[in-house]
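Chain IDs A, B and C follow the sequence of writing; residue 1 opens each chain.
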Amino acid sequence: MRLPRQPGRGWLVGGATIAAALLLWYVLTSLTGIISSYRFPSPPEFLAALRQIAVDGYAGGTLLQQTLQSLRIVIEGFLVASLVGVPLGFLMGWSPRVEALLNPVFLLIRPIPPLAWIPLAIVWLGLGDGAKIMVIWFAAFVPSAINTFTGVRQVNPMLIEAARVHGATDWRLAKEVIAPAALPMIFTGLRLSLQASWTTLVAAELVGAFLGLGRVLSIAYRDIYPAMIAVAMVTIAIAGALMTQLLARIERMVIRWR
Amino acid sequence: MALTQDTRPTTHWAATPSSRELACWSLVGAVIFFGGWQLIAMSGLVSQYILPSPLAVLEQIYQLEAEPFAGFLLHQHLLSSLERFLLGFLLAAALGIPLGLIMGRYRLLDEIVTPLFEAYRYVAPLAWVPFAALWFGTGIGGPVMVIFTGAFAPCVVNAYRGAQLVERYLIEAAQTLGASNFRIMREVLLPGALPSIVAGLRVSAGLGWQSLIGAELIVVSSGLGYVMVQGQSNLAPDIVMSAMLVIGVVGLCIDVALRAAERWLSRRWGRV
Amino acid sequence: MGTRVSRIRFDNVSKLFPRGNGAIAALEDVSFEVEDQEFVTIVGPSGCGKTTLMRMVAGLETPTLGSVLVGDRPVRGPGSDRAVVFQQFALFPWKTVGENIAFGLKSKGVSRSKRVELISHYLKLMKLEGTEDSYPHQLSGGMQQRVAIARSYAIEPEVLLMDEPFGSLDAQTRTIMQEELIRITAANPRTVLFITHSVDEAVYLADRIIVLSRHPGRVREIIDVNAAREQDGWSARAIEDVMETPSFTHLRAQVWKLLREQMSGASE
């Protein structure tokens, strides 16, 4: 969360903590059996399940296939949502009239948690990928639109005055001043959108899916296979973290002046 | 009313239209949206089993309160959901806020807890549902645990940041006035971090409410989420949508209440 | 003076701060004594370690070498026997004036009724009647600093440490506060260590002045003011008159000369 003053010590303590946690896990499960494997898997069980799904596959595919399937849907939903949300947010930020026009719709949609769209999506689009993309769309749309809107509105007025003084037209103002200045907040919105997409997908797949990490999770639950549940959870966490890092990297490349 | 109520930014590059004109635009937008929706539903272009009209949705809310659906009346489902939410949310705050404060004050604890915390943070709250169901069965523990995992992180993070923002000289002043560490935590760090904590509670409540709905789609037999699932399996989108409306309204109320708390705090103590 | 009790003692104190791969010395081999109920001001060029010195007495920093003793006991951390008045006032914004003053009293286990009594006593002393239920942000800078002083005074500490307490006040308020401080310390004598940038302030308030050299801080000279004060009867005069007496001007020039020498980098 923050950089330690002595750069070495943070990593050391962190590493030690993780090692200690793993040791504790091992002791509580395999060694002493205090926590029965019905409730929580032991390290050997975890590794066995990992091996199983990685090599043989589980709930319809190998770990790689399931992960890719989930990632595919997330990215599809996320892209569609951002491609609509960012321009729309920009437009609303630019024009108070557009904002006023669309306000009622936002007011209605915004408080509804994305997951609450799942049953409706299933009614409308069945149990396939379409329903999941719809739900992800709702999850990802709002953060990217709102953050873009805020980013546009919070542009430093001095920059705008400077541009006007230099004779910038509306189009140039938007393209060369406002868009770049709003970019950090836009990326914040994208980051939130991506996280929301991923979280929502997992939930959607839990409810009903043919393939994907959420499906692995739900089948493992049905089969009462805690080790596999754990494998799915860890994969979900890692995939989520990797996507976030990737986005951060892209942001750093795009916003080079920060 | 601005789109985001947190900031009220203005457009500097063009004359801002009068608020009356803006209100008209909003009215137009509302009319187009709801009117259009109502017309489409009434016209029969789309079956009412797919898209019920706005009026049908409102009527359904009344219906759900008049006759039991999926075992209970609407207000009973609502109370069921609220009960789970409050338990999970309050537990997350009661554990998360002290933890965040202590981590903010004592670097060693920060270094110890952070790796574990980061690992937990990347797991989507709903991914805990299978374990929650495995451990708690169909009791209230399952949903509460899922809500807890959703609401916990923002509480910790915001308490942590808040504690770090407390000016060092305030803590030193307390020390030179002979206060014990516990008193410093309670009378300096906690109030000092309070604005940040309350902001975090808002985020926490939002995530907790979401996690609640998610959990109620799967492992429960009462509550607003359950109503939606039942509506879905009965292919009754009007029921689904009326539950969605109630969910949205309640979520909004919670957010408004916390926002008001934030404002009251900053007025009283004169700091943001 | 020589037979009075030593309240604060620095024995060959050095303080190093780690910086990058090495260390920076804030103070180097500082030794001096402050007697009981003496008012000592500390001046020196920027970065000479005056604040560090005070913080060591407060127990907020520890010496790297040497020892700091208060009342013959080595300092082991902050405590209410050494109260600090910070430059930023450090009043708790979420507590009222009364609650701020009560804070230290609670640490000492003072009963509620006694607290109420003490609070109104010190508010009266600092001319702050009626502010008991106000919040700090509702008061002016001068009033806030007076609350800070009241808060430190209320716990009746052995030592009062003041780090440029009037630094953020405007010139007129500052002068008034200086007079107030003289009045209060005359009525309730304490051992005081007072850090300041202002030479006038240092001379006006002090029994003795410690002049520190520029970084790394060493004791350049200790100037006795008390003799002049008694001789010319400063306490009977208003501050503007005091500042015109020859003894004051002489002392002020003396301190200025020392400081200028530090600032221009001449040999110590």
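Heads up, the rule we're going with is that a contact is a pair of C-beta atoms (placed from the backbone, for glycine too) under 8 Å apart; a residue touches a chain by one contact, two chains touch by 3 or more.
Remember, predicted model here, so these are calculated numbers, not experimental data.
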Distance in touch steps, counted as few as possible, from subunit A out to subunit C: 2
Chain whose Cα mean lies nearest the overall Cα mean: B
Chain of greatest Cα-centre distance to subunit B: C
Chain pair whose interface holds the most contacting C-beta pairs: A-B
Distance between the centres, which are taken as Cα means, of subunit C and subunit A, whole angstrom: 55
Whole-Å separation of chain centres (CA-atom averages), subunit A against subunit B: 18
Subunit B-subunit C separation of Cα centroids, rounded to whole Å: 50
List of subunit B residues in touch with subunit C within their complex: 167, 169-170, 172-180, 183, 187-188, 191-192, 194, 268-271
Subunit C - residues contacting subunit B, complex: 58-60, 77-80, 82-84, 86, 88, 90, 92-95, 103-104, 106-108, 135-138, 151-152, 155
Sites on subunit B touched by subunit A in the complex: 1-4, 6-7, 9-14, 16-17, 21-26, 28-30, 33-34, 50, 107-108, 110-116, 119, 122-131, 133-135, 157, 160, 164, 209-210, 213-214, 217-218, 225, 228-229, 231-232, 235, 237, 240-241, 243-244, 247-249, 251-252, 255
Of all residues in subunit A, those that touch subunit B in their complex: 1-2, 4, 9-10, 13-15, 17-18, 21, 38-40, 92-97, 99-108, 111-120, 122-124, 146, 149-150, 153-155, 157, 160-161, 164, 170, 173, 178, 198-199, 202-203, 206-207, 217-218, 220-221, 224, 226, 229, 232-233, 236-238, 240-241, 244
